[in-house]
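Before anything else, here is the set of structures, which you'll find just below.
There are two complexes below, and they share subunit A, which is joined by subunit B in the first and by subunit C in the second.
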Partner chain A sequence: MSLFEIFVSNMMNIPIIKPLIDYLMGVPVIRFIVALILWRPFFAIAIAPGLGALGLYLLWIVYFERKLTARVQWRVGPLEVCRPIRGLIQALADGIRFFFQEVIVHREAHRPYYVQLPILAFIPVLIPIMFIPAGNVVGIKSDYAIQLIVAFLALISITIVVIGWASNSRFAFVGSVREAFMYFAYEVPFVIAVISMIFLYGSGNPYVAVEKQTIPGVFLNPIAFIVYLIAMLMATSRLPFEIPEADQEIAFGPFVEYSGILFGLVMTLAYEKLYIMALLFTILFLGGWSGPYIWIIGDLSHVLWLLLKTVVTISIIVIVRSIYARYRLDQALKLGWSSMLGLSLVGLVLGVGVGWFV
Partner chain B sequence: MIDMEYEIKVPVEPPTELKSYFIPIPPEYVEETYRSDDFLVLVGPQHPGSGHMRLIVRVHGDIIREVIPDPGYVHRCVEKVAENRLYIQNIPLVERPSIMDSANLNLGYVRVIEEALDIEVPERARYIRTILAELCRIGTHLYDAAILSVFMGHTTGFMYAFGVRELICEALVRMTGARFTCSFIIPGGVRRNVGSDVLRFIYDMTFEMEKRLKTFEKIFIKNPTVIARLKDVGVLTKEEAIKFGVVGPFLRASGVEYDVRKVEPYEVYDELDWDIPVSDDGDGYSRFLVRVNEISQSINIIRQCVRRIPGGRVISDQICEDGRSIRGHFFDSLANIVLPAGEYTTLTECARGTVVFTIVSDGESNVPYRFRMVTPGWLYLRGFMESLKGERLADLQAIYGSFGYFPPEADR
Partner chain C sequence: MIKISKVEPSVSDRIKGHLNAITTAFVQALKPDRITVEYPRERRRYPDNFRGILIFDKDRCVSCFRCAQICPANAIKMEFYDNYYPSVDYAKCIFCHFCVESCPTGALRSSKVHDVAFKSLDDMYIHTNSMMSIPEIVREEEIEVEYEIEDGKLKLRREVVEKLEVDYERRRLILKKELSSLEVPPPIPVRKRAYCKDPESCLGCRICASVCPRNAIKYDRKKRIMSIDIEKCVGCGFCVRHCPMEILDLKVM
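What follows is the complex of A and B.
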C-alpha cells in the first residue's frame, strides 16, 4: 500500500467542502498535500486540536485576558492595534515585536541550555496533543492516553526549573526553587484527581470516558472537579498561585533574563500548559467532544465542540487574575499538601464508589 | 518547631558587588554574614514601588534576620534649599516631598509662620483648610492602598484605588485649580474663596466615593488572599511601637490612641465630631484597616465642614486689609514678612503620621535662618525595619505596602 493510499483511507469527512476536495484530488501534486492535510492523524496533530488551534487559541486568550482584566478594572485594554476590530490582533503584534527584538544572552548564562530550553520546552507540550482525540480525529489511539497526557504534562515543570538553572541569576534561582516546591504541591492532588476519574470510568481511554458521561463528570465527582480546577491554577501560575513568577518579588522568576523571541516562547509556556490541561479537563469532566452533531461539517463537529468547551473553560479561568492577590509560598504549599490532598483522597473514594454504578 | 542546622563545608564567597559598590555597611559585616550561613539580598535601589530606596536584607534561608535601610536616594535638600528662599517661596517647596499629601505639609509649614507672627485666621479659611487637609488625607490613603495591592499582585485593587482617587483630584481641581501640590494655603488664610457650588460638589462627591469604596472593599479589603497575606505579618506590639517612635496610623494600629488633631487641635478639628480609629493587633492588616477607617472618618469630617462652614473673609486682615481675596497683591503683602527672632515649631497630623516643622529665625532677614522638617516616613522607618525581623522574604513587599513607606517623603 502506497503512502497516498494510507492517507486516502483515513481522510476527514467534511461534507461542506466535499466538492472542492474532489476537484483538488484530481490535480496531480496538490492531491498529495490535500490528502496529507486531511489525513486524520495529521489533521489532529497539525491543525485541530493540535498546533493550528493552539496558535489561534494563544492569540485569542492573551487578548481576551487583557481585555477582560481591563473591563474589570475600569479600563479599556488593548485597542490601538487595528482599531476597527478593537485591538483583536494585539497578541499577534506583540509576537511580531518579540520576533524582531534582540535576543540577549548574558555572560553568566549556561549558553547552550539557555538558548535551546525554551524550544525544547515545546516537546512536552506537543506530545500530549498526539493523544488527545476529538471524536474520530486523533493522532494516536491508546488505552492509556489519559495517563500519558498527565505524564508528559509533568515534564513542563522540569523544563521551567532547568530554564531557571541555566539563567544563573539569583531571581531565576529563587523562581526555580519556588516552581519546584509548587510542582510537588499540586502534582500529587492533581494525579490523584485524575486517577479517581480513571477509576470512575474504568479506563484511561478517552473514548470510554466520553462514552460513559451521559451525565457530565462534573456531577459524577464534583470533588475531583474542584481539585483539578485548583491544580490547574497552580500548575499554570495563575494569580492566587502566581508564586514562581511573582513580578513584584522576584521579577518574573525563572524567565527574568530572557528577551526577544525566547521570552515570547517562555511566556506562552504557561498558556500552552493551560490549554493541554483544559483539554484533559473537558474530556474528564465536561463530556469531551459530545454535543449535537452538525451534519454539514462532518468530523469537524467533534473538534468544534471540544475546542469550544475548552476555550470557554479557559476564558472563565482567566478571570481569577483580576480577583485575587498572590499567596505566599508557604500558604500555597499548606493548601496543596493539606486541603487539596485531603479533598483529592475523598474524591478518589467517591470516584471508586461511583465507578461501581456508572 | 524543630530548628535543625546543617553545616555546609563549602566556602561561600560574598558576591563581588557587595565589595565593589558602595553600600553603607562595613566589609566585616559582609564577611561575618557569609561565615554564619546567612546571606545578603539587596532590594533596590531601583524603584521597589513608591520611590528609590535600598534595603539590605540579611536572610537565613527564607527568614529575614535583619534589615539595614539605605535611604537617601531621593534626598533633595529641602531644608538647605529653604534657607535661601523667601518664606512664601518655600510653600511649594515643602509640598514636594509628598505630592499626594501636599495640603497637610503646606498647612504645617504655614502654621509655623502664623504662630510666629500671631496671625488670626478667619473662620471660613480654617474650614476650607480642614476640607483640603482631609481630602489629601483620603487621597494619600488611597494611594498607599493602591501601592499595597500592586505589591501583592492584585492589579484590580491598584486600579480601583486610583480610580476612586480621581474624585479627590477632581475636587482639588475645582477648589484650587491643581490636581495636587495646590499651594493653596498661605499665611493668614487661603488664596481664594471657594464657591458654594464647589462645596456642594465636594459634599455630593463624598457619597459617590463611599459607594465606590464599597466595591473596593468587596474586591480588595475583604479578599481572603489579602487577609491571608497581611494577617499576623510584621507585628509591632504597643511597647515596641512606642519604643521605635512609630507615628500616625501605624502607631494607632498598635493600640496607642494618639492623634495630633485630638491632642493639640489645630484649625477646626476640635469643633467637629469624629473618632480616632484604633486597632490592637499591630499587624499588617490592622495597619491597613486603620487607614481604611480613617478614610470614612475623613469623609465624615468633610461633610461636617461643608455643612457648618460660615461666610466671611478667607484671608486675615493682618495680611490683607481690604478686598476679599489676596489675588493681585499677593507678593506685596507676603514677600517681605520677617519672623521675630526665635525658634517656632508646630506639629501637624499628616496622612502618614506626625510632621514636625521648625523655623529658626534671626529676626532680621526674610528667609529662614534654619528650617527643619521631620516627615512621618523618616520617623517610622525604624519601626518598619524592626517589624520585618523574623518574617519571610516574600513578606517584605507586603509589610512595605502596609506601612505605605514613601521614600521621597522620608528623604525630603
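What follows is the complex of A and C.
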C-alpha cells in the first residue's frame, strides 16, 4: 500500500467542503498535500486540537486575560494595536516583535542548554497532544492515553527547572527551586484526582471515559473536580499560586534572562500546559467531545465541541487572577500536602465507589 | 489592656467572603465601573480652580515679590525689565499655586493646561515674556468627559464635541482652537483696597505715598491731608506693611 493510499483510507469527512476536496484530489501534486492535511492523525496533531488550534488559543488567551484583568481592575488593557477592534491582535503583534528581537545569551549562561531548552521544552507539550482524541480525530489511539498525558505533563516542570539552572542567575535559581517545590505540592493530589476518575470510568481510554459520561464527571465526582481545578492553577502558575514566576519579587523567575523569540517560547509554556490540562479536564469532567452532532461539518463537530468546552473553561479560570492574591510558598506547600491531599484521597474513595455502580 | 489576637473567621464567613469576591470580579468583568479617560482622544473637562500652567499679567503686577518669597520649591525668580517680574522654573514647580493665592493683584493666574512637553531642562525655565499667554498645545479630542457623582458613585458623562448642544460657545472654541479663552478661567477681581482706620493718628510721614506702586496715595500740600484713590489702588498692601503708626489696613470694598 502506497503512502497516498494510507492517507486516503483515513481521511476527514467534512461534507461542507467535500466538492472542493473532490476537485483538489484531481490535481496532481496538490492532492498529496490535501490528503496529508486531511489524514486524521496528521489533522489531529497539526491542526486541531493540535498545533493550529494551540496557536489560535495562545493568541486569544493572552489578549483575553490581559483585557479581563484590566476590566476588573478598572483599566482599559491593550488597546492601541489596531484600535477599531480594541487591540485584539496585541498578542500577534507581541509575537512578531519577539521574533525580530535580538536573543541575548549572557556570559554566565550554560550556553548550549540555555539555547536548546526552550525548544526542547516544546516536546513534552506536543507529545500529550498526540494522545488527546476529539471523536474520530486522533493522533495515536491508546488504552492508556490519560495516564500517558499525565506522565508527559510532568516533564514540563522538569524542563522549567533545567531552564532555571541553565540561566545561571540568582532570580532564575530561586525561580527554579520554587518551581520544584510547587511541583511537589500539586503533583501527588493531581495524580490521585486523575486516578480516581480512571477508577470511576474503569479505563484510561478517553473514548471509554466520554462514553460513560451520560452524567458529566463533575457531578459523578465533585471532589476530584475541585482538586483537579486547584492543581491546574498550581501547575500552570496561575495567580493564586504564581509562586515560581512571581513578577514582583523575582521578575519572571526561571525565565528572567531570556529575550527575543526564546522568551516568547518560554513565556507561553505555562499557557500551553494550561491548554493540555484543560483538554484533559474537559475529557474527564465535562463530557469531552460529546455534544449535538452538527451534520454539515462532519468530523469537525467533535473537534469544535472539545475546543469550545476547553476554551470556555480556560476563559473562566483566568478570572481567578484578578480575584485572589498570591500565596506564600510555604502556604501553597501546606495546602498541597494537607487539604488537597486529603480531599484527593476522599475523591479516590468516592471514585472507586461510584465506579462500582456506573 | 487591649489584647490583639489572630482573627479566625468561621467557615460560613469564609465562604461568604469568597463568594463576595468572585461575584464582584464577575460583575466588574461584565460591566466595569472604570473611570479611565482615553486621553488624548477624550479629555476631561477640568474645573475652574484646576492648578495648571501659570499665566502672568504684566499690567497688574506691582513687583511685590510675594510669589517669589512664598514659593516652597524656589521655582520663581524675579527678572528685571522695566520692573521686576516673576519667571518660573517648571523643573522645580510643584503646582501648589501658593503664588497665585498670595498675589495681591491677581496678576498671576492658573490655566487648565497641564499637558506640556519640554525638550530639555533649560526649556523648562519659562521667562516672563513667555508666561503672558498659554503655551502652544495641540488638542485632538473628539469626546469631552465630565465626572459626575450619582448616588455616591463616581460616573463619567461622555459628550461628542461636535454634538455639544447645550454649550454652543464651548463647542465653537474647541473646534476653532481658540484655546486661550477656553483654558484660562476669568481673572479674579481685586477684592481689597487700602483704607485708613484712624486718620487722626496720621503722622504725615508720607512713607505710604512713596511705597505705593500705583501712586494711588496722594498728599495734598494745601489742605495738608493724605488721600487714597480707590480707583488706582490694587490692594497690594505695601502701605499697610510700611505705615509706622499701623493705622492703614485692607478691607473688602
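The rule is simple: the second predicted complex is superposed on the first by the 358 of 358 C-alpha atoms of A that agree within 3 Å, B and C clash if a C-alpha of one lies under 4 Å from a C-alpha of the other, contacts with A are read in each partner's own complex, and residues count from 1 in each chain.
The rule is short, and it goes like this: contacts are C-beta pairs under 8 Å (C-beta built on N, C-alpha and C of every residue); 3 or more make two chains touch, one makes a residue touch a chain.
Note that this is a predicted model, so its numbers are computed, not measured.
*Asks:* Following the superposition defined at the top, how do subunit B and subunit C come out on subunit A, clash or fit?
*Replies:* clash
*Asks:* A:R328 in the overlay: touching subunit B, subunit C, both, or neither? Say first, second, both or neither.
*Replies:* Once the two structures are laid over each other on A, A:R328 reaches subunit B alone.
*Asks:* Tell me which partner A:E108 touches in the superposition: subunit B (first), subunit C (second), both or neither.
*Replies:* neither
*Asks:* What is the contact status of A:D143 with respect to subunit B (first) and subunit C (second): first, second, both, or neither?
*Replies:* After superposition on chain A, A:D143 lies in contact with neither partner.
*Asks:* Counting residues of subunit A touched by each partner, does subunit B or subunit C come out ahead?
*Replies:* With both complexes superposed on chain A, more residues of subunit A are touched by B.
*Asks:* Taking the superposition on A as described, I'd like to know which of subunit B and subunit C A:V76 touches: first, second, both or neither.
*Replies:* The second partner, subunit C, only.
*Asks:* Could you say whether A:A246 touches subunit B, subunit C, both of them, or neither, answering first, second, both or neither?
*Replies:* Only subunit B is touched by A:A246; subunit C is not.
*Asks:* Quick one: is A:E211 in contact with subunit B, with subunit C, with both, or with neither? Answer first, second, both or neither.
*Replies:* neither
*Asks:* Quick one: classify A:I319 as touching subunit B (first), subunit C (second), both or neither.
*Replies:* second
*Asks:* Would you indicate which of the stretches 163-171, 325-333 or 343-351 belonging to subunit B has clashing C-alpha atoms with subunit C?
*Replies:* 325-333
*Asks:* Residues on subunit A in contact with subunit B in one complex and with subunit C in the other?
*Replies:* In subunit A, residues 72, 74-75, 322-324 are touched by subunit B and also by subunit C.
*Asks:* For subunit C, which residues are in contact with subunit A within the complex?
*Replies:* Touch list, subunit C to subunit A: 21-22, 25-26, 28-29, 32-36, 38.
*Asks:* In the complex formed with subunit C, which residues of subunit A make contact?
*Replies:* Going through subunit A, the ones touching subunit C are 68, 71-72, 74-76, 79, 319, 322-324.
*Asks:* How about subunit A: which of its residues touch subunit B in the complex?
*Replies:* Within the complex, subunit A touches subunit B at residues 69, 72-75, 170, 239-240, 242, 246-249, 321-331.
*Asks:* Which of the residues in subunit B end up touching subunit A in this complex?
*Replies:* So the residues of subunit B in touch with subunit A come to 41, 49, 62, 149-157, 159-160, 163, 219-220, 223, 225-226, 228-229, 392-397.
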